[in-house]
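Structures are listed in the sections that come next.
Each of the two complexes below includes subunit A, the first together with subunit B, the second together with subunit C.
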Partner chain A sequence: MMSRLVTARLLQALVAALLIATLCFAMMQTLPGDAAMRIAASRYGPDAMSQQLAEAVRLELGLERPLLTQYAASLMQLARLDLGYSLVSGAPVIEELKVQLGHSLWLALLALALSLLFGPTLGLLAGIRPGGWVDRLSLGLSILLRALPPFVLGLLLIMVFSLWLGWLPPAGFGSWRHLLLPALTLALGLAALSSRVTRDAMAEVAAAPYFAYGRQKGLDGLALAGRHGARNAAIPVVAYLGLQSVYLIEGVVVVESLFAFPGIGHALVHAIIARDVPMVQGTVLIMGLLFIFINLLVDTLCRRLDPRLNAWQEVRR
Partner chain B sequence: MQGVHWLGRWLLLLGVLSGAAMGSQARTLSVVGPWEIVGIEPARSGYIFSRMQVAETLTTVDDQGRLAPQLATSWRVSADGLEWRFRLREGVLFHDGSALTADGVARSLQHARAGHGVLSQVAVTAVEPAGDEVVLRLEHPFVALPAYLAHYSTQVLAPTAYDDQGRVKALIGTGPYRLTSLTPPLQLTLERNERWWGDRPAIASVRYLAVGKSETRALMAASGEADLVYSLLPTSLGVLRHNPAVRTETVTVPRTRLLKLNVASPFFSDLRVRRALSLALDRRGMAGVMLRNERLAASQLFPPTLSGWHDVDLAALRYDPGEARRLLAEAGWLPGDDGILHKDGVRFAVSLTTFSSWPELPVLASAIQAQWREVGIDLQVAVGNSSEIVSRHRDGSLQLGLLSRNFSLVPDPLGTLLQDFGPEGGDWGAMGWSDAALQQMLDGLSAGTDKAERIAQQQGVAGILQQQLPVIPLAWSELRVAVSNDLDGLRVDPFELSYHLSALRWAE
Partner chain C sequence: MTPVLCIENLQIASAGQVLVDNINLRVEAGRPLTLLGASGSGKSLVMQAVMGTLPAGLDVRGHIGLDGQNLLALSPQQRRALWGRKLALLPQEPWLALDPTMPVQGQVSEVHRLIHRRSKHEAQRLTQQQLDEVGLQQAGQQYPFQLSGGMCQRAAIAITHAADCPVLLADEPTKGLDSALRDSVAARLRHEVNTGRLLFTISHDLDLARRLGGHVGVMRNGRLLEQGDAAQLLQAPQHPYSRRLLAAQPSRWPQRQSREKGDLVLQARGLGKQYGSRTLFEKLDIRLHRGQITAISGPSGCGKTTLGNVLLGLTPPDQGQVQRSAGIAPIRFQKLYQEPPAAFAPRQRLGRAFADLARLHRIPDRAIAALLQRLQLDEALLARRPGEVSGGELQRLALARVLLLQPVLLFADEASSRLDPLSQQQVMQLLLELADERGLAVLLVTHDAALAARTADQTLVLGAPRVRCGDCSTRETDRASA
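Our next item is the complex of A and B:
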């Protein structure tokens, strides 16, 4: 059962890698402006950029070759599991990604952990009494947080925690203190949604006959929620986590630039501006594979939480 | 409220603990700027390593922008102007402990010459060591050569800094600070080089962080997280104005925002039209509102920082829309039914290309659009990326470009002018325009003359550009720096060659 799931996801990863490489290549070609000039400007600074420099870069990188040749070369490289060299810094893409992915993973994990701390907790409390004051307050809060773009939310958090309270550094990296504000920015956005999903799931569970049965059996609030509520309500919440990874990856791009955090999102933005095709392909590939891996994890977790999913498949077979 | 206190206490405790762990070390100077570190090759991000005083060049500039010795103590040129000798400073050690030799310097300059830096644009035929001197031979006389050797792409690195293929594999310089870690593209850390040839720097460790967003940079200065913050937008200064722990310093830099015109196009070939376009611009208004400093309104192309080039006696560029309309009418451009000027059935509708790497450019473009509409010109604005101006210059499709030009690519503006106003024009300079008298002056300046004649020629260049307007100057530029009151001894270099970290000290 499990092996089928893993094989399917592996196959998906392979197809995704091929698609990502092709799409990145095609999209980078359709961007306006001359790639050699963009690369030259990123390498040597816009002030020093000239046509002469752009021509030197074009020759050095073989950008004058026919597009199909360039595309084939980039696919062959990928087939050898070689991500190539950054056109701007000249360093191996894999080396740059190792550093950046490390930073981004810490940020994403902390953001996820914080969001799980805030979101589902608030959702559970709100869902036990739908329409109660906790429910209405959390609804208002999540609309507000969700409506704020991460850029603005991040600046507000810097104002509060760095400027007024002086507790945390506004930007930079290297210690856990630097990680907190960007992670919080992401976590609040994530929690805004996951609290509502949890609330709906909990409300549904609270209205279910088995919940009423538990209550009549004489279980008090906490034991009842723990024994009959949490696991049942967790299924949609966990399934939803897979979707949230999209928000996380998207958010990382904005938040890392704001907080001067050397992660994969920051690298992607700069690589696109610089037309650094190998860097773009590398970062997007890693993000795509990460996404597939997260979904595999979520699938597995859902099956653990809800054995019926396995049973149904057995029946269908 | 209880929750906030609880969280606060925890954070405070953790802060104290992490502070205690570092307590034994002296305070690290935190420098923040927008520039990312693209790599260690000097032609790429060399300016960061020059400014942070890791690597040094043969020459540099003093506070007045005059050329000054650095790794070379003196230099002289042969009578025919073809052979330059640079005498090296004695007793200089690289960060790896090896001594600075003429051999090593020659090798670094060869590297710079073969690469994409400014030295590749000079007709150097040979670079050779000769005792304690380095000799550069030229194809034809070029008096600005010493200024080119202040450029970061000519940094002198230790022989061990290069690999077998001649690429830079480690940044081993001679400066007062030594690289201890590098996390491209954002951060580097430095420690004091105890064996530097100059006075021992007071500050032992330094960190540079690249922060792209001006808002974040300002907040870092305001919160005390950064001690020295470079390149703040005028809009960001508000956060800092009432902060007692921070002061701001502003210097004018040799950079001008200007309009590049395609003089070969039928719209701009008539000098009267170019003058009218210039007269229709309210520079003081634009500088006052958008750059928050009226004094940045450009009265001529070269800002006052460029002494010898800025000519105080030159009649300033004026704002006079009435005169502009009159000149346009004289050139045959008359208002049509739609209020837009027409001539021989052609409507005065042109497009301006600009880019957003400098955040003020698109805003200035909108203001120009509105002001030219007043005199009957229909201007379309296209905001793209900086390379569009270069590529559209090359294919001839550019009508107007709005850009910000740095006249201190090398500390002598001659370097930029030769690129911009040569016989073919320049990617960032004239388009479809050249002037024999100007060319003669630039050639004369390159070959070298005595000082008085030099100044006359420099001001002659400024005069011709003011008269002919192949580019229309808009506004000069300034560099805004926020500095913590804990720091003493700040020197802000308008040429941005160095941050002079070695002269900084913590206030008592």
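Our next item is the complex of A and C:
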């Protein structure tokens, strides 16, 4: 069962890699302006840029070759697991990504941890009494937080915690204090949804006949919640984490730019502006594979929590 | 002192409206009590009053005595403290009441560990012993979805054994089980009585009441119509309603006269279907004629519904073919579902469902009105939502909706098995009458052999599915809901 799951995900990763490579190539080709000039400008600074330098870049990178040749070359390179060299810095893409990905992972993990602290807790409280004041308050809060795009939310947090209260630095990198605001920005957006998912899951479990039966067996509140509530309510919440990783990955791009945090999202934005195709491709590829990996983890966890999932798949087969 | 559970002058009211009134009943050791009644008769409220699980806002008066205590005088906390210690509940439809994500063993042993505070080792030993007692020694590691309905029922009984309470409350213990399993459930409950437990059962299953013996009460509209010795009351009931209830059992229905065969509606040749490694049926030849009732019966899980769906064209057969007679519009092959609530949109008023159908198929309003009248349905019901009418009414509404499409073949899939005996009789009677009036070919799928025998012109009995290979699981599948 497990091996089938892994095989399916690996196949998915392969297809994703091919698609990402093709899409990246196509998108970079369709951007307006001359690629060689933009790369030269990024490398040597806009002031030092000249027609000669741009021509040199064009020849060096083979940008004058026919499109199909360039495309085939990029795919072949990818097949050798070679992400190539950054067109701007000249360093291997993989080296740059290692550093940036590390920073981003810390940010994402902290954001996830914070969101799990807020979201499911609030959701549980709301779900125990659907329609109660906690439920209505958390619904209003979720709508508000979710309606704000991450960059507006981030700006609001900077205003409150950096400008008014002066507790945290508004941007930059170096200590845990720099991590806190961007992580909080992401976490609030994540918690807005996971609290609602938890609330619905909890309300459903609380209304389920097995929950009533557990109570009538004589289990007290805490034992009942621990033995029959938490695990059943966690199933949809965990399953939803897979979807939330999309929000996390796209949020990282916006939030890192806003807070000048040197992570993979920040790098992606810069690479796109500089038309650094290998960097864009490498970054998007890593993000895509990360997404698939996260979903593999989520699937595995869900099967742990809910043995019925395995059985259903067997029946379908 | 021999333990006794006695209910005296019980009255349950909601906002001034009396729901249950003047109930006096008694359960003694060796003399179980079975409260019979249709849904809405108030029998569930009586059981909830004993257990202490009545919804908030209901006003309860009277006396429920156990061990010299008046249960109704206790605080909610005190009542809750009795659960699992003095009062054990056998829940209805245990396959829904067991935690779906916990192995059976854990659900038994938690009673020892968390309620009786026994040591881990002791809890393990007793759990194994109790699973052995109900024949589930191998099933401890299994999850409820891996067990059949009968096994889930036995797991729930093992849980009540773990609780080891003097009083056992059984809530519709045979609901959703086929007749073979009903008998075994009755035998197990009878065993509980013999070990000295006070057994209080609510049900609409007269067979169960007869097998349990002891004392029987019949309820309707919140009143106890009569009570008395089970054997006597079920043999010669005094109250007219009890007599009707008794006569509503399929085994006492009058035999339907065989009708002449009408035109051929469809014929199937060499039908076969496998489900994984199990062969549900093979080499079946079936001909369905207008005006004829064809019953498919057999134990649950034998493939009855699948065969019906194959004949109707909802599921392709693995072998053979189904040929419809030429010139019949496809819409005239229709199905009536087992669970009426599942056949209607839950938040839509019933009138809307009919209006949509009428618009789509250009059905005049008076045709609907006439049909509702024929099915003894009040038009005022159309203003309600599916959850606000009784199961019997909803199934008749579903029947009305299907008949508006002028079907030639109607496949009724356990269409009455979830209804109480009176509603069941009414729905089936109307279905058969209309089949005669309109020359309908009816395909009945039922696990009730008596019902098939009383109504059908031809009956097809499917056996339990055969398993081809040796290593496949051969677990019994006996849930009536398929």
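The definition used in the following text is that the second predicted complex is superposed on the first by the 302 of 317 C-alpha atoms of A that agree within 3 Å, B and C clash if a C-alpha of one lies under 4 Å from a C-alpha of the other, contacts with A are read in each partner's own complex, and residues count from 1 in each chain.
Here is the rule we use: contacts are C-beta pairs under 8 Å (C-beta built on N, C-alpha and C of every residue); 3 or more make two chains touch, one makes a residue touch a chain.
These numbers come from a predicted model, not from an experiment.
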item: When subunit B and subunit C are modelled together on subunit A, clash or fit; value: fit
item: First (subunit B), second (subunit C), both or neither touched by A:Pro66; value: neither
item: After the two structures are overlaid on chain A, angle v-u-w for subunit B, subunit A, subunit C in degrees (C-alpha centres, nearest 10); value: 160
item: Larger contact residue set on subunit A - subunit B or subunit C; value: B
item: Partner chain(s) touched by A:Ala54 [first = subunit B, second = subunit C, both, neither]; value: first
item: Touched partner set for A:Gly218, first subunit B, second subunit C, both or neither; value: second
item: Three-chain overlay, closest Cα atoms of subunit B and subunit C, distance in Å; value: 32
item: Overlap of subunit C and subunit B interfaces on subunit A (superposed complexes); value: none
item: Contact set on subunit C toward subunit A in their complex; value: 51, 53, 80, 83-85, 89, 91, 93, 96-102, 106, 110-111, 114-115, 143, 145-146, 159, 163, 276
item: List of subunit A residues in touch with subunit B within their complex; value: 32-34, 37-38, 40-51, 53-54, 56, 88-91, 96, 99, 155, 158-159, 162-163, 165-177, 257-262, 266-267, 270, 273
item: Interface residues, subunit A side, partner subunit C - complex; value: 208-210, 212-220, 223, 227-228, 231-232, 235, 305-308, 311, 315
item: Touch list for subunit B against partner subunit A, complex; value: 8, 11-12, 14-15, 18, 36, 38-39, 41, 43-44, 47, 116, 118, 183-187, 209-213, 215-216, 219-220, 222-225, 239, 357, 384-388, 390-391, 393-394, 406, 409, 419, 427-428
